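You will see two complexes here that share chain A, one where it goes with chain B and one where it goes with chain C.
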Partner chain A sequence: MRYIFGRIVSAIFVVWFVITLTFMLMHAIPGGPFSSEKVLPPAIIDNINERYHLNDPLLKQYLDYLKNMAYFDFGPSYRYQGRTVNDLLQEGFPKTALLGLSATILALFGGVAMGVTAALKQNKMLDYVIIFLVTIGISVPSFVLATFLQYYIGYELHWFPPLGWGEVKNIILPVIALSAYPVAQIARLTRAGMLDVLTQDYIRTAKAKGLAKSTIIIRHALKNALTPVVTFLGPFFAYILTGNFVIEYVFNIPGIGQFFVTSISNRDYPVIMGTTVLFAALLVTFNLLADIIYTLLDPRIKLTGREGA
Partner chain B sequence: MQHLLEVDNLSTSFFTYAGEIRAVSGVSFYVDEGEALGIVGESGCGKSVTVKSIMGLIPEPPGKIIKGQINFRGQNLLALPEKKMAALRGKAMSMIFQDPMTSLNPVLTIGQQMIEVLYRHEGFGKREAFARTAEFLDMVGISDARHCLKQYPHEFSGGMRQRVMIATALLCQPQLLIADEPTTALDVTIQAQILELLRDLKKKVNLSIILITHDLGVVAGFCSRVIVMYGGRIVESGLVQDIFKSAQHPYTWGLLRSIPRLDNTQRTRLIPIPGTPPDLLHPAPGCEFAARCPFAMNICNEQVPVMRQINSGHQAACWLLHPQAPKLNIAERRSRYEGTSHSGGRKSC
Partner chain C sequence: MNIRADSFSPLPKDLKKAISERSATTFGQDAWQHFRKNYLAMGGLAVLVLIMVFSIIGPFFSQFDYASNDLMKTNLFPDWIHPFGTDELGRDILSRTMYGTRISLLIGFGSVVINLTIGIIYGGISGYLGGRLDNLMQRIIDIIFSIPDLLYVILLMVTFGAGIQNIFIVLGLINWVPMARIVRGQVLTLREQEFILAARILGAGTGKILFRHLLPNSIGPIIIVSALQIPTAIFMEAFLSFIGLGIQAPLVSLGSLVANGRMNIPSYSYALFFPALTIALLMLSLNFIGDGLRDALDPKLRR
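Right after this comes the complex of A and B.
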């Protein structure tokens, strides 16, 4: 428990660090949010800067921002008139979350199922087929796969809509594109883990006890075989979060990722920062979650890291 | 009378890339109810493969039982479908293994690993299963069952884990317990305790035991009969006193030299038999032991020695037992071995 508390504190620290870093980077890049496009009269620019407190000393801007952040207030958007960053995030987040969650579920269940199947059919046809798919999933970048699916399945075959959002069938292609890589990785890790575990003495013991084959595989083997998969969960969540950017862009899904990409070219500071902070917070949470799952799977690992309290 | 277990002409091989490894060739023996049979022989001679064949635990592929019969309670196990075999394992016959450190699943509690056997074979409810488990843990000398059941294997010492393994193996009150080197991985003092425990249990419940060991000394105190294996074959078998007082096979003589003497308080160094174990990929045309045998004769390299009856229950496979072979006395046996033991490498068997 004390360890978890410590981890939460350090997570908050990480998020703070990310806030500070993005804040500094944003302000270090030359050109302000309103300096592009047509030249505005200086009076108006001044007015705008005043309104968004851009004339304040940097330190004051920073402290104000931190203060608002503590109340989960990300401030107004510079680009979308009359809308706050919170509005935009609230609008985009459900889509991103649904996409990410579906990809996560598919990756976990599909990957584990494929890995177990391959291991049980080692060196048989099914194993080779799965290894082939895994190799493709790992080596083909998600934007290539996304474009490929969009073109062939979407435009040519018309099985699923190639673009857009709103209906269930819209989500199929993006989820496949997003989860291909983690499915492949998880399948690979599960297969290797299973093959290793199946030769262990305790599996022989389980057989000697006359347990049913399904019991041996699920109860005795899988739990042990998943340890390497759990260590992959941290990078996995990071992949899903960042992968969203590309996938949302390719499939034109109005999620957070797309806001993020457009807000960068718009220099919409508050949106950039809000998104970054949200992603950092999610990532830190997921990593903590991965560690907790790790200890649940393997009782030998104590979260305390030191004595078993 | 029908034997509890009868193994007849069992041969098990492993088909690897290098070729066929004849791990067990033509092994026959039996075990009666309430009896303890010892199987001894150096590493790789096929002891584990023999008992795994009985339990149906040979990994297939690469392993395969090529021929033979295994009758347990009058039932031919080799003809049973895997489902029926699984129903026997852990219920009518159980097995404990050499390394208690790795034989328990690290991610399941002791309780989960014990109780699942009762769920599987006896259809017990939670309460019943718990009571039986606690009773058996108590029987193997673990008194604080309630606490112990919630613990994980890594919280236990090797000796404790082996006690758990034994308790688990006995939960369904099997008729046959196969103990494959149950003490080899343990400290000497713990070894003695575990053997004492097994001896106790054998008396308490009418249990037949097959005890595999490297150590003839262990057999002496535990078993009524012994079989000695070499290169996948039985080279000698008989009552314990036959083997200890009047062994007939040179390999057994070699093994006997390594038993600690009773008059010697210090455990004597294991005296290895010089030479290398037989190559199971390329079986010798004659006696497998010929390359290492101080008494080898011409015929030994040409023909496999047949099993000869010495007296009821005592038999050995060696050409020295042929009526025309030269007779050896005890002194001669010893001196020939001494002559060779200095030249050989110190390889423990």
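Right after this comes the complex of A and C.
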């Protein structure tokens, strides 16, 4: 319990660090957010700066920003007139969450299924096919894969729509592109874990007891084989979150990732900051959850803070 | 005890041969012997060498410049003069792919040099000096580590602005963290060993112990991490260029070529195909080499 409390405190600290870092970076950029537009009379620029509190002392801006963050208020967007960052995030979040969740499910089930199959058929044709797919999944960058899927499956074969959002068939290609890398990693880890576990004594005991093969694999082997997979969960969530940027951009899905990428070229600093902080907070939460799951699965790992403490 | 000169006699020649029959294998030779037997890694090495030759020497044999337009020859289908075709401004895609690969390789290998420098110094100091300083330095690393690199990289690129030297700076600022962790871990375990104690008794200073004794003994893990970071750096640069934050025209990288090819995709798919194939092959070969090096340099992983 004490360890979890400590972890929560450090998680809050990390989020504070990210908020401060993004704030400093965004204010370190030479020229205000409105200086790239066509030349305006100084009075108007002053007016705009006043409206967005850009004339306040930097420390006051920072404290105000921190205070608003505590209430989950990310401020107004500089580009989309009259809309707040919260509006944009709320609009994009369900799409991003659906995409991320589907990719997570596909990655976990697909990856584990592929890994187990490869391990059971070790050094047979199916094993080699899976290893080949895994290698492709690990090596080909997601945006290249996304573009390829979009072109060959979308434009050429017309199996699924290459762009857009709204129908079930729209989600297929983005989810495949997004989950290719985690599927490959999970399959690789599962295969290695299964091969390791299947030679152990307790599996032989289970076989000797006459248990069905499926029972042995699911109840006995898989549980222990998945431990390395759980350690991958932290990087996995990070990958799904940041992978969304480019997938949504390529497939033109109006989620948070796309807002993030377009706000970069628009220099819409509040959106960049808000998205970064949201992602950081989500990620820190997921990492915490992954750690807790890890201990539940493997009681040998004790969650102690520091040795002796 | 009484030892006289005639207590000793030379060994007969054939017996001498029998005693010292094998020469010692150095760490490098041992690793190379294992690496050589790994067909995937050797294949990766061959492909990487081919790609390097293609990108470094190739442009000297090409009659086309990567940046010069020819508006009479836009969007040509691949033929003998333009084996990869031309893009929407009539630029030869083969030349552009070769130059783009050059930039990607430069960033991949160059940023690893930066990571090595920062990571070794940071990790070495943190691990060797230990104590409160180590604790503080590790907390900093923990914070950086808990947020995905890509997020920092994007934020820093937004702040610094696009361009090749900023890519180096930003990748250098972020990617040293895994290196520092590995170096620290190695130093922590090694510094308690007897040979370090011996060196200290002989009067070696901190710097000498670190650079002459600790780091050479950690060379295996350092090489492994470096090898696996090259594809990461190449991927990050390609990603940045793909979303318009990386290499700026007229320079090209594989990422900006893929982004450019994507614009023309419905009608001119070859503009996408060749750069994408190159980047996939490059990543594949680098990953195989990295895995092979890990197996060869880490005796614990050997079965």
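As a working rule, the second predicted complex is superposed on the first by the 304 of 309 C-alpha atoms of A that agree within 3 Å, B and C clash if a C-alpha of one lies under 4 Å from a C-alpha of the other, contacts with A are read in each partner's own complex, and residues count from 1 in each chain.
Note that in this section a residue touches a chain if its C-beta (ideal position, glycine included) is under 8 Å from a C-beta of that chain, and two chains touch if they have at least 3 such contacts.
Keep in mind it's a predicted model, so treat the numbers as computed, not measured.
Q: Tell me the contact category for A:280 with respect to chain B and chain C: first, second, both or neither.
A: Only chain C is touched by A:280; chain B is not.
Q: Should A:250 be classified as contacting the first partner (chain B), the second (chain C), both, or neither?
A: Touch status of A:250: second partner only.
Q: State whether A:207 touches chain B only (first), chain C only (second), both chains, or neither.
A: Once the two structures are laid over each other on A, A:207 reaches chain B alone.
Q: Compare chain B and chain C by how many residues of chain A each one touches, and report the one with more.
A: C
Q: Between chain B (first) and chain C (second), which, if any, makes contact with A:215: first, second, both or neither?
A: Once the two structures are laid over each other on A, A:215 reaches chain B alone.
Q: Going by the contact definition given at the top, which residues of chain A touch chain B in one complex and chain C in the other?
A: Correct list for chain A: none, the interfaces share no residue.
Q: Name, in rising order, each residue of chain B that touches chain A in their complex.
A: 55, 57, 86-91, 94-95, 97, 99, 102-109, 116-117, 120-121, 152, 154, 165, 168
Q: Which chain C residues qualify as touching chain A in the complex?
A: Listed in rising order, the residues are 142-143, 146-148, 150-151, 154-156, 158-159, 231, 235, 238-239, 242-245, 255, 258, 261-262, 265-266, 269, 272, 276, 279-280, 283-284, 287.
Q: Under the touch definition given earlier, write down the residues of chain A that touch chain B in their complex.
A: Residue positions touching the partner: 200-202, 204-213, 215, 219-220, 223-224, 297-300.
Q: With touch defined as at the start, can you tell me which chain A residues reach chain C in the complex?
A: For chain A paired with chain C, touching residues are 10, 13-14, 17-18, 21-22, 25-26, 28-29, 135-136, 138-141, 143-144, 147-148, 150-151, 155, 238-239, 241-242, 245-246, 249-250, 260-261, 264-265, 267, 272, 276, 279-280, 283-284, 287.
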